[in-house]
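Down below are the structures I want you to see.
First chain A sits with chain B, and in the next complex the same chain sits with chain C.
Here is the complex of A and B:
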């Protein structure tokens, strides 16, 4: 599961989608593994406008590292920034959601997140 | 006449009938230093205009100013995909072009492009073509061809006087003996190339191309005059394969395609595949149609073993995928997983992420902060969505939910433990209709593609009982192309759509909440669910808005 993915995902329960609390999902008991990727300016220029920076900052804190509070300017961004970080290994992610206060625990198994829902939430 | 030959020629035009390139040494002796005389008597040529730069051949056809004429050598496979692939690449690279002559019956097509550089770029990513060439001349006979070459290119000959070179031969649906080829190549000696002949990596490759396939003739009267009788019983040879070529081209190589990478991604050599993995060639073509390129984000909602994901990543996109069956992504054996394919091809830096999810209850999208400090839901994430959804023809389609729509929406609790909180809980699934799935995919693409993003989707054209499926439509998605792949008993097609920049014919919704299938209330959901039992009946087909009658094959 990647930090980047978490920036695109909210709770999959339909009733929660209209609630601001459905995003971002929160990492719990997660183990972070990071791996460097080559600097890809094309990707960054495409990606940055689509990122929710405050949510990314929140996620990064949950995983034990910090990002600047404001979205960096494009040309200055180095390869070591957010999109280059992957979280690897088994870890749990907890989606805390809207007024319904339905807590759905999303398991990550072999780095693959599971967002399937039980039938009472479909 | 022309149309009656179609069924037969389809059979004979299987890939095996395409002759591979023949390389023949051009003897260096016998060179006549011809003084170039421009011959205007060539019958077919229109007013011969020199290109402004003077370093390109005079065009055969009437071209817009500043355009040059090229010949594309296609592979004679997946014919209905060839033009849409080319059009997609022209769009991707923002290249002006005009197709001057094209037939699905033959591998040679003529195209106008602004420059050699544009030609090289356009073809560089093509999977269904082999190479692009500068067109030096064309004719229906060798005499015509020589006249054409002399009138158009004599001012260029000195440019190639000293470089190393090679002559090649491409014959389509016909062949010649080596000695005959040699003889024909020698007939080009008037161009006066004095450089060394190199079989490997010559500076310039000149190719003589011959088309023996009668049905590819542009001039229908000429074809009719041949009076080909295709109804001969047990013909010794295909009657549409002529004894002599009806069109000959002389060309200079400009650039090669990406066709060679099909072998790199061959499923036989891939670490992890499944029973429904899409073959390398068509996966790569699909990625081309989706305008995937470096820095873009691609997503496959039915990722399976990741055939499209790998193809999209090859072309530079960071690729995401999901599947309702996590075992497909993770793999069941050690070292065999979707991820391992990315490692095999050394494209891990473009492995976005893979997760387990169902399209009807997708976690993609968010309620995030805006620049102005407010909060709004946004779902436009991907530049491309590519998928080969399950067809549900043999095995039933499944989606999350209980089979029983009247079942109360409460957690299942056994011995005081809510079952869905257990680690090995497998959510129940219910049958899902093909039409409903299409509808959900279209809605999903509409909400999750960025403006001008592309959706590429593979669908069967008919089920086992030959009931035609219609082409799905959505108000926010513009159909770009429909390409058909024929199998023995059935066929499937690749549909490509572009997301309009703005939503069509729909009031702008307040607060940025996009209308989607998730907004329906429980009652209507139940009503729909009840109807899905008979998934493919005509009533259901009519039910979904925007479904059109299928177009004819042409």
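Here is the complex of A and C:
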């Protein structure tokens, strides 16, 4: 699972969706792998406004690296390839991702997020 | 209903995933057109896509196909996508696997829920059509709408443990080959609700959506939809 993906996922339990705890999901015991991808300024300039930056900062702390507290501005970002690599990097995680209240921990099975629910939570 | 779908949809796709995936290798024309009209114009590398499927084996195949996409295993009725945050959604050949009118409407509502509001987010939905007189299935508007459709695994996609001690000539007979004990290979049966003309649009409205455009393409009904404003 990629780091950016976590920015677009919430808890799958319907009853949780209205709760502020349902997003972002939290990484625990995650193993981070980094893979560089081709720098694509067009992708970044489209992606950046769509990211929930505070949630991304939270995810990054859980995974042991730091992002600036405020969302980088577009011109600066496209000029700086190093921060671009960070935001665009392909982060794979093994471990668990779950809500803060731990009701719905999901294993990231072979690095693919599995959100299938036990029947009592459907 | 959920148990029925588990047996007649989920378990079947897990078994036929490799073969099924191998028969889906390029976007259908309207899918391609829909993706091309999204800002930014070029189809793929500039859009970050998060996909999900109920079938773990299909998800494994889709994993890591591109650096700008990711996949998760999830059920359409309990999907994990962040509500009201997506610019677009594609649902191809999913809704017709739900086995009651209420569950199909719920599936569409679940897709609409993840979209940004009307004017900002839209979805392309595809379902199999009842009206496909010229397909090899041959159904028409008078056919039964709730059906079990067979999928026959060709030899190369069978699990190695279940393979018979085939000679080369047996291998070449492909689809028509017989199992080791002389029985015909058992087809996998998948449940489908075949949509008739106008039904997809009606379901979209019941789910709280508006149809922007809809039509018929190669045995399928499709609709481009958004959340109903207000």
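Everything below uses one rule, namely that the second predicted complex is superposed on the first by the 97 of 122 C-alpha atoms of A that agree within 3 Å, B and C clash if a C-alpha of one lies under 4 Å from a C-alpha of the other, contacts with A are read in each partner's own complex, and residues count from 1 in each chain.
As a working rule, contacts are C-beta pairs under 8 Å (C-beta built on N, C-alpha and C of every residue); 3 or more make two chains touch, one makes a residue touch a chain.
What you are looking at is a predicted structure, and each value in this text was computed from that prediction instead of being measured.
J.: So, on chain A, is it clash or fit between chain B and chain C?
T.: In the arrangement built by aligning on chain A, the partners chain C and chain B clash.
J.: Let me test your reading of the model: by the given contact rule, A:42 touches which partner, first (chain B), second (chain C), both or neither?
T.: After superposing on A, A:42 lies in contact with both chain B and chain C.
J.: Determine, for the superposed model, which of the two partners chain B and chain C contacts more residues of chain A.
T.: It is B that touches the greater number of chain A residues.
J.: Tell me the contact category for A:54 with respect to chain B and chain C: first, second, both or neither.
T.: After superposing on A, A:54 lies in contact with chain B but is clear of chain C.
J.: A:17 contacts which: chain B (first), chain C (second), both, neither?
T.: After superposition on chain A, A:17 lies in contact with both partners, chain B and chain C.
J.: Mind working out whether A:120 is in touch with chain B, chain C, both or neither, as first, second, both or neither?
T.: Touch status of A:120: first partner only.
J.: Where on chain A do the contacts with chain B and the contacts with chain C coincide?
T.: Common to the two interfaces on chain A: residues 1-2, 4-5, 7-14, 17, 23, 37-38, 40, 42-43, 46-47, 50, 109-117, 119, 121-122.
J.: Applying the document's contact rule, which stretches of chain A touch chain B when the two form their complex?
T.: Those residues of chain A that touch chain B are 1-2, 4-5, 7-14, 17-25, 37-38, 40-47, 50, 52-55, 105, 107, 109-122.
J.: Taking the complex as given, what residues does chain C use to touch chain A?
T.: 2, 39-40, 42, 45-48, 50, 52, 54, 56, 59-60, 63, 67-68, 70-75, 77-83, 85-87
J.: Could you please specify the touching residues of chain B with respect to chain A in the complex?
T.: Against chain A, chain B makes touches at 294-297, 316, 318, 320, 322, 324, 326, 329-330, 337, 339, 348-349, 352-358, 360-369, 375, 377, 380-381, 383, 400-402, 407-412, 419-421, 423, 425, 427-428, 450, 513, 518.
J.: Within the complex, which stretch of chain A touches chain C?
T.: It comes out as residues 1-2, 4-5, 7-14, 17, 23, 35, 37-38, 40, 42-43, 46-47, 50, 90, 109-117, 119, 121-122.
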